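Heads up: the structure comes next, in structure tokens.
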Amino acid sequence: MFRNTYDSDNTVFSPQGRLHQVEYALEAVKQGSAAVGLRSKTHSVLLALKRSSGELASYQQKMFRIDDHVGIAIAGLTSDARVLSNFMRQQAMSSKMVFNRPAPVNRLVSAIADKAQVNTQEYGRRPYGVGFLVIGLDQSGPHLYEFSPSGNSYEYYAMSIGARSQSAKTYLEKHYESFVDCSLEELIKHGLHALRETLQQDKELNVNNTSIGILGSGSVHETGVPPSGPFRILEGDPIKPFLDSMVPKDAPPAAPAATTDEDVQMQD
Amino acid sequence: MFRNTYDSDNTVFSPQGRLHQVEYALEAVKQGSAAVGLRSKTHSVLLALKRSSGELASYQQKMFRIDDHVGIAIAGLTSDARVLSNFMRQQAMSSKMVFNRPAPVNRLVSAIADKAQVNTQEYGRRPYGVGFLVIGLDQSGPHLYEFSPSGNSYEYYAMSIGARSQSAKTYLEKHYESFVDCSLEELIKHGLHALRETLQQDKELNVNNTSIGILGSGSVHETGVPPSGPFRILEGDPIKPFLDSMVPKDAPPAAPAATTDEDVQMQD
Amino acid sequence: MFRNTYDSDNTVFSPQGRLHQVEYALEAVKQGSAAVGLRSKTHSVLLALKRSSGELASYQQKMFRIDDHVGIAIAGLTSDARVLSNFMRQQAMSSKMVFNRPAPVNRLVSAIADKAQVNTQEYGRRPYGVGFLVIGLDQSGPHLYEFSPSGNSYEYYAMSIGARSQSAKTYLEKHYESFVDCSLEELIKHGLHALRETLQQDKELNVNNTSIGILGSGSVHETGVPPSGPFRILEGDPIKPFLDSMVPKDAPPAAPAATTDEDVQMQD
Amino acid sequence: MFRNTYDSDNTVFSPQGRLHQVEYALEAVKQGSAAVGLRSKTHSVLLALKRSSGELASYQQKMFRIDDHVGIAIAGLTSDARVLSNFMRQQAMSSKMVFNRPAPVNRLVSAIADKAQVNTQEYGRRPYGVGFLVIGLDQSGPHLYEFSPSGNSYEYYAMSIGARSQSAKTYLEKHYESFVDCSLEELIKHGLHALRETLQQDKELNVNNTSIGILGSGSVHETGVPPSGPFRILEGDPIKPFLDSMVPKDAPPAAPAATTDEDVQMQD
Amino acid sequence: MFRNTYDSDNTVFSPQGRLHQVEYALEAVKQGSAAVGLRSKTHSVLLALKRSSGELASYQQKMFRIDDHVGIAIAGLTSDARVLSNFMRQQAMSSKMVFNRPAPVNRLVSAIADKAQVNTQEYGRRPYGVGFLVIGLDQSGPHLYEFSPSGNSYEYYAMSIGARSQSAKTYLEKHYESFVDCSLEELIKHGLHALRETLQQDKELNVNNTSIGILGSGSVHETGVPPSGPFRILEGDPIKPFLDSMVPKDAPPAAPAATTDEDVQMQD
Amino acid sequence: MFRNTYDSDNTVFSPQGRLHQVEYALEAVKQGSAAVGLRSKTHSVLLALKRSSGELASYQQKMFRIDDHVGIAIAGLTSDARVLSNFMRQQAMSSKMVFNRPAPVNRLVSAIADKAQVNTQEYGRRPYGVGFLVIGLDQSGPHLYEFSPSGNSYEYYAMSIGARSQSAKTYLEKHYESFVDCSLEELIKHGLHALRETLQQDKELNVNNTSIGILGSGSVHETGVPPSGPFRILEGDPIKPFLDSMVPKDAPPAAPAATTDEDVQMQD
Amino acid sequence: MFRNTYDSDNTVFSPQGRLHQVEYALEAVKQGSAAVGLRSKTHSVLLALKRSSGELASYQQKMFRIDDHVGIAIAGLTSDARVLSNFMRQQAMSSKMVFNRPAPVNRLVSAIADKAQVNTQEYGRRPYGVGFLVIGLDQSGPHLYEFSPSGNSYEYYAMSIGARSQSAKTYLEKHYESFVDCSLEELIKHGLHALRETLQQDKELNVNNTSIGILGSGSVHETGVPPSGPFRILEGDPIKPFLDSMVPKDAPPAAPAATTDEDVQMQD
């Protein structure tokens, strides 16, 4: 395939009005392991597939706390993710100190989007090579955003990024209309089913390779997950009940029964 | 196709005196979904086709409030639009604080045009990849401007930018002479008919994919749209009456009757 | 056609001692619609052909006021023109504030020429892509200058820039010796005849596509144009009498009779 | 082999979303002599193969003390290692002076990872060409991190970097589950066996080409290595007992007996 | 013709130790219309051929006053000339203000030569594309210097630059030994004869295309040129007597009779 | 031979993880005339082959004093050596002034190594093209370091750099085990024999082309070289006794008898 | 001839460890007219061949005074020479003002060598294209240095630079051993004979094309040259006696008789 200089400099347009370097950065995101996010009226959850660089390492962290009311899951270059998430944390802290209240979630997402836009326009730096799913909880309720290296950020009902995320999206598109009224437990289960779609044929979700991030408030009867509180990440054994309750791969997932007893309470 | 270095560096002229990078940036605008703007003696309106990045997201925002008396519709790179619209907002706020009155609309448009011109002349940054339709209301009445990445901005009676905007322009050119005396309702209807022209064969305008931005003052009898007030965006159900009243695609649109009872009042 | 790097970097000479980028910038000027300037003992006038970007826009402004005693007509990139004319205005204002008198016209022209020269010599910026005809009135009488992207500026008896300006120049060269003693009316008529030469076969000058800029003092009997005062632009109906009095295209223009009753008075 | 510009500029992505310069920097790490790190509940140890630039030099130093509670082994460009390890030392010192306590190990590792990330994104500097194994001891116990030029840093149970490190990793993967309960002596022996795997056919570990770095506290009966204290490097004769106790290359290494009498005590 | 990168970057030497960009800048000088300079014991004179950009413009200025005691004639890029001559004027003014006396001529010439040298050595700017003949009068008498874009400046008895200047030089070399004792009138006549040599076959010197610059003191009987005073430029009718007294092109110029009655007086 | 861009920019890695520019800089070192360094328990000595740029110049200086306790011999670009040795001198002086004691030798060597590393990583400067042998004497005894343009510096028992230094190294490797107990005289003799190996077939060491640098303390019976004191360079006649005592080229050098009467005394 | 990028950027090494740009700069020196320098126990002299850019100019200055005790002769780019010699003068003046004594000659030479080295290593500037012969007189007696664009400077007994300087060097090498005891007159004669060797077949040294620079003290009987004093340049008639006393080109130069009556007195 013949290439030209349009695609090696992020500061130029191709004749078709495209920015090749930005598109290549999106490829870097697609090579990260998948993450899934979804939200109900009361909760936002993240689910991510952890990769291990071999048996000798613990699985690599895919989720990060930004503030009590904001968490992220990443896909792409981990070192870029660290830089951007540190920046988000500083923005969050600074907001707390200056305004004495948590930063609005969309404000935090815009901050990294603006930072990323600069790298798509000015000479001397490549675009970031990482995408985020951001969940947050503020006065306007639970949120789910996707941040992309292009400098864009959109709000979603449910979303997936990373390798084979298209399969997860297909699952989510089939069920997303029911998410709004789901209990936290049901939301997590839907997320796990979506995440499972991103696995290669011979792989399975297990307590080691799966992370669950939760924001929102509500009671969770069966699994004992604390229904409300700051952003929390479930890993290891606490995940087991959820995995056990999953519909086997071949069977169609039964629509989870609606929960009715949630007491929605907004974090400040 | 053979290319050369003229088209990958925005700071050089081609032998024909052209700036290829600027022309390629205009291509980026053409790839955004369409927006239409038109104005009467009393009102300026924007109509835009929202795209969705799939069922999982709400439709992407195409219109933004800059100030009470200024609103924009965008086509092209969303992240560039965010940067430029933030800049406009700052200019508007700064004008209010310094001069204690709203910034003249043409001043705000010139500010982003100057900012964009720099990126067409100096080394190290690509041109912006987004176009705006700007409506505003000031002491000289309602306005409609187009801002383009070339650093140009022109005032129009009616205009369309984005994908297939040529079809909308054809509609507008056929009817623009009647716009000046239109009621707000008629103006919106003309705009919707023009916007519909930009749709692909099998698409339809609906309450989800259509945004209407309004500035000006006047009574709107049938639809109950508040006749005057700050820049407001209609989305969802309030749009339905307008869509319902549209002439079917095949039928020629009847010229809306002239309204006579508008009480034009300039916002300060 | 084979090209090399001499023509893509304005900071290098070709082996023939030429600056290709500057020459290409001159091409950008040649693609703008034409403007004509001429002067008598008492007046300087500008005449320009306005282009419209379609029926939906008013014709694009081709003339700009810099100060009461200076006006310009442009050909080429409009956004570059805006930047340079703003700079001229600032120079003019600054001169008034510092020296308490209008800036000498040649000083203002030199200021933009110096600014343009830098862009022909230093790395990192392209030359400006716009040319100006500048008319001014100061203690040494009426003036007409051409400013070009090369950083040059010359004084002329009469001049034309932009598309097909060569045809206008041919007209002007035939008649320029008579301009010095022309009345304002005659001067304008000569200018219109020259401007008409730049039209394509099937186009005509009309009240919409023609602008007339005037500086100087004198009585104008027939058309009622105010004989003296600050730089003023005639557009629309006031132009009609001038257009009506034009010699039809095929007929040779009769030499306008000399006016004798002008009271020349210099603006301060 | 055909190459393109993607791989000579660290600030651009390839169409596959890869940063070739970062990958080439990893090659520089692979050309350094091997280092092995592993940890138990009570100790972290480093083992490294020293190269000599000939008989005339002493073997080149492969391990460096960063602080009493942190030490590193390097593989790759020595001069880059010196720059980065000096930076780590400054961070450690600064932490002590500002907070009056040793810097947390992960903080020190993040500091160089952030520094390295910049060189993978901004124009004007190549990525660092060196990898580190970092052992540390803080309130959360003994640690082992790998730092890589990509700006990543991961925690490991056991790890190897440098030339033929894959062979060492294979050994470590086979035995790592037993490391957690190993005595310091056993840990060192496992490390030596792993390190031996990286040797070329005809080479042997000896007191000249082997370095052992130790952190943690515990009693070592047979060899007299001081069981606890600041980061210490064993070289020369003190290594001999360990080498002598190694299982011959052909024989399978006997699982070292578990030690029971360690008194684990955390350094402050 | 094959080219390479030596000739497009002024900061590199060719293998032959040449700076191609400087040589190409000298080509730009050769494309300017010719100028001639010569000096006697008492006077320095400049003679230059003015070009017109057509009938519509007055002839372009080729001579500029720097100070009462210094004047220049230029050949090459006019906009570069303006920049450099402005710089000379500032140097001259600054010298007057600081030292309360006119700047020594060679000091002024060195100032622009140093400025020009920088552009032949440092990256980011092309060499200047203009040459000067500088005449000056100071305590050491009348002077004539050539300034060239290479950053060199030499003193001459007589010199010519610009298009076809070689022909003028041939004339000057034939007669320069007699210049030292010439009267101002004779000096001017010699200059005109030399300048005429640079004309194309069918062109003639006339009062419109010829400029004469004079410095020095002495009586001029026949033509009434003021014998002494600050740098003055003769143009138009005052030149006529000199042109009328010229030997016809075919006839050999008679050696002008020596003048004896000059009262040489140095300007301060 | 085919080349690519990896080898012309010091800030990029080749796909093999190599920095070609650094390797080419090492070639520049190999083209310098040879230098030899060796050390005993009490002394460090440098021996260098001086080149002459012809009979008209004295031989070029190959050794430089940095401080009383540090001296260097260079191979490669002399102008780079001057810059780096001046930098070392400043570091040494600054250390004395700030800490009131001589700078530790390894500190001085690290200082230039750090300086050199920057030029292997950052854009805009080539690596240094010179290597040093550094001898020094501090509280830890006599030292010998090699500094290389790669930013590395290693301590050696004995070392040679420059043209044909491999031959000298072969000699040194054969004898270096005996150096530790050599007297100063024996050490110098070994050095001369090693240096002689770097000569072309028809060249000989003589009092003009040989320099000897000495640091350390000890009695020298036969030759009268002052046994202790600051860094001193022997050139010319004082070298003769050493040259005379050399084993003829063909004969095997007899092992010098061990000296026993040295009184080792450390310089402060 | 095939070229590559090694030779167009002074900041990169070729694979052979060479800096092509520096070598090309040396070519620029070789294209300058020749200069010769030599010294005795009491004097240093410079002799240079002046070129004329034609009959119309006086011969170009080849020698420059730096201070009373330092003078230079140049070969290469004159404008570079002016920049560097001005820099030397400033260094000399600054030394006088700060230390109240003349700057040591080698200090002045090192200053320009350091300045030149930077241009061989850092990006953005070409090496200087000029070489100097520097003579000086200080407490250590008369000196002769060569400065070259490579940033090197060496002391010589006698030296020649510029076009055909090899022929002069051949003469100097044959006779340099006698220079040390020469009288000033004899030294000058030797220099003239050496300089004559650089002439083309049909050229002769004459009073117009020859410059002689003198430093030192001593009586000169025959020619009346002032035996001591500050740096002085002989040009024109005073040179005649020396030229007249030269041995005809074909005859072998007789060894000048030794002078005995010099009173050597060092300038302060």
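The chains carry the letters A, B, C, D, E, F and G, assigned in the order they are written, with residues numbered from 1 in each.
Methods note: a residue touches a chain if its C-beta (ideal position, glycine included) is under 8 Å from a C-beta of that chain, and two chains touch if they have at least 3 such contacts.
Chain labels with UniProt names: A, B, C, D, E, F, G = Proteasome subunit alpha type.
What you see is a predicted model; the values in this text were computed from it and never measured.
Within the contact network of the assembly, the step distance from subunit B to subunit E comes to 2.
The chains that touch both subunit B and subunit D are A. Put simply, the C-alpha centre of subunit F and that of subunit G have 33 angstrom between them. One finds 60 Å separating the Cα centroids of subunit C and subunit G. Between the CA-based centres of subunit A and subunit E the separation comes to 74 Å, rounded to the whole angstrom.
Contact of a single residue of subunit E with at least two other chains is seen at positions 5, 9-10, 123-124. Read round the ring from subunit E, going to subunit G first, the chain order is E, G, F, D, A, B, C.
Against subunit F, in their complex, subunit D makes its touches with residues 3, 5, 7-10, 20-21, 24-31, 53-58, 60, 77-80, 82-83, 86, 119, 123-129.
Across the complex, subunit C meets subunit E through its residues 4-6, 9, 11-19, 110, 113-114, 116-117, 120-124, 150-152, 154-159, 169, 172-173, 176.
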